[in-house]
């Protein structure tokens, strides 16, 4: 495996424990290269970069996915990931609320519904430990 | 004028000198309430809130507008606004670059083209002072 | 509570009985201000306005949500709301059908699928009374 | 020419004098069937239908195109068309303002900018007569 | 029934056995004309045309629906349809993977998740015969 | 420079002579890595792949960009690129026309307007040689 893949693998797992393994398995029999490229480019190239800290990057991603409104599984994943990195529920819900301005109230409400479930999932995991 | 309007007026002008006046004039003979509501809700309610600093809010907005890809005038305005608040060109271009992952390369390239023009405009104004 | 909130609360409940209470509860522990803002701005400011009757406003909203295609819960709510206001199934399905022209056949078909379920729900409620 | 084409031709010209001729010429050497289909399906089938009057249909279309945000030429055409049918500037600007709720403030502002130009064009034509 | 309808009916059933009947039934009591128009225009006019073979047309549609990201039922249907026409899983997954470039990784990942289910459904049907 | 970059550089120039140089120059002083990544991932990884020929890949991209409707510069570039690869005007206009079904008539009309200009540019270059 190349360096980009290895770096990306670790980065994705920082966001979600065993996230990289899960992604590789999900597409193993359909298109393993989509999983490989996802690890290499977003996680191995882009999210490795200097100039913006990982937490801010996650908040930006949560805003964009809320605004786009058609990537709910990824929005869920990045909200849990942001919590794992130490972002507060308040920071995340402020980002989503702000999207009511730029993408409309339905996008913000649907994003907050995803956040509500992700927050609950995260709290349950915390309590289980 | 109510408090929300007054607060929003000042907030918008913090982002872009005379921005509020410009917005009010632009729609004065078509729909002045759209300008009024824009000052009241986004700038008077949302961008006033605690829990996330104004610079991070602007970076989140730049990401979302880049991802949506159909709001180039607003993207231009928020990039100049972010520079006015003290965001660096590097922080802004990192946000836009990151959108290649979530919204595709055309969205990122078109966003960066807007940024290039906004950066030049900002530098010209700085030098003119 | 301010006037905008009170007006919006009543307006939302005109569309959907107990809709305002439901919205406030849904986000009570995540971001109550998103519910508050939704009641204040869309329902307390915009949908209060003169110049266009409430039924036409709902048909316009149904068209836009069908075209956007990523706000199915809101589309469902506004279809039931339009029926509550006295719009006919025919008017609503004409709006959705028309979106095949502007947003494509998949958007229209997915919107009509939402309408089919909303119509059935509304009829069941009518019969239950 | 078939009936649908003939009906659609007349309907489009009701919205915009010589609109059908203009559309046919625009694509005559690239893809004349796109112009033909546009006349047949949207104007010959859909906009002919009962159950919703032509003015309401145009307001719905203006709302949807504002919300989609990436069809400015069509938005311009339908605003002029709606004025030709007797819709008031007030009705049209109310529809566009309302889209701030469902698609965000940038979409509404960009739509209103198109409306401002379309209103001016329409007034100029009126005065020239 | 007119010629366009009859041609479209056969074309849709070529993609999905009994697809036309299913579509007609789905909207029989809500808006039968949406089903009729879907059979007439997309299947009776557009997909009948020369200049591009049916398999390439399906791959183009799969790419567009993946990129749009909000038409998952239609994406599923067209993937099964493309397999019925003789497209390979490889061709389809290459199209979806390619959309990571133009519409972002979430769109490609969500499209591939639909493909995974559609491929399984198709294989199960093949084995059942 | 790494292999992916070199392969991508050649691939992009196959589509558009000096395209890679132009892209590198465009972002040299803003974000050179966006140009580098564009060359590496889309052109160095994805468009290199087996399983789908380059011409079909370009037609798929033209369909997706037409449907998305907010990437006109990229749509123009890929249409000229497809012509350079030997796609016919007919094949390209069939793809764009087909998008009227999936993304609506405005998207198809706006895409065809881009194609009309791209076809003219390509013919002019051909004649100039």
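We call the chains A, B, C, D, E and F, going by the order they appear; numbering starts again at 1 in every chain.
Definition applied: a residue touches a chain if its C-beta (ideal position, glycine included) is under 8 Å from a C-beta of that chain, and two chains touch if they have at least 3 such contacts.
Protein identities per chain, from UniProt: A, B, C, D, E, F = 4-carboxymuconolactone decarboxylase.
From a predicted model like this one, the values you see are computed outputs, not experimental measurements.
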- Query: If you walk from chain to touching chain, how few steps can bring you from chain B to chain F?
  - Reply: 1
- Item | Shortest chain-hopping distance from chain A out to chain E | 1
- Averaging each chain's C-alpha atoms to get its centre, pick out the one most distant from chain E. B
- Item | chain F against chain E, contact positions shared by both copies (same if over half, else different) | same
- chain A and chain C: spacing of chain centres that average the CA atoms, whole Å: 30
- Note on the structure: Per the C-alpha means, the centres of chain C and chain D lie apart by a whole-Å value of 24
- Centre to centre, by mean C-alpha position, how many angstrom separate chain B and chain E? 40
- Message: Roughly how far is chain B from chain C, centre to centre by C-alpha average, rounded to an integer in Å?
- Response: 30
- For chain E, jot down the residues that touch at least 2 other chains. 33, 37, 41-42, 46, 49, 65, 67-71, 74, 93, 97, 99-107
- Mapping chain-to-chain touches, which pattern fits: line, ring, star, complete or other? complete
- Query: In their complex, what parts of chain E are in touch with chain D?
  - Reply: 33, 37, 41, 45-46, 49
- In the complex, chain A residues that touch chain B: 41-42, 46-47, 49, 51-52, 56-57, 59-61, 63-68, 71, 74, 88, 90-91, 93-95, 97-103
- Residue positions on chain C within touch of chain E in the complex are 68-70, 89, 93, 96-97, 100, 104-110, 112-113, 115-116, 119
- Message: Applying the document's contact rule, which stretches of chain B touch chain E when the two form their complex?
- Response: 67, 99-107
- Query: Contact residues on chain F for chain B in the complex?
  - Reply: 26-27, 29-31, 33-34, 37-38, 41-42, 65, 68-71, 73-74
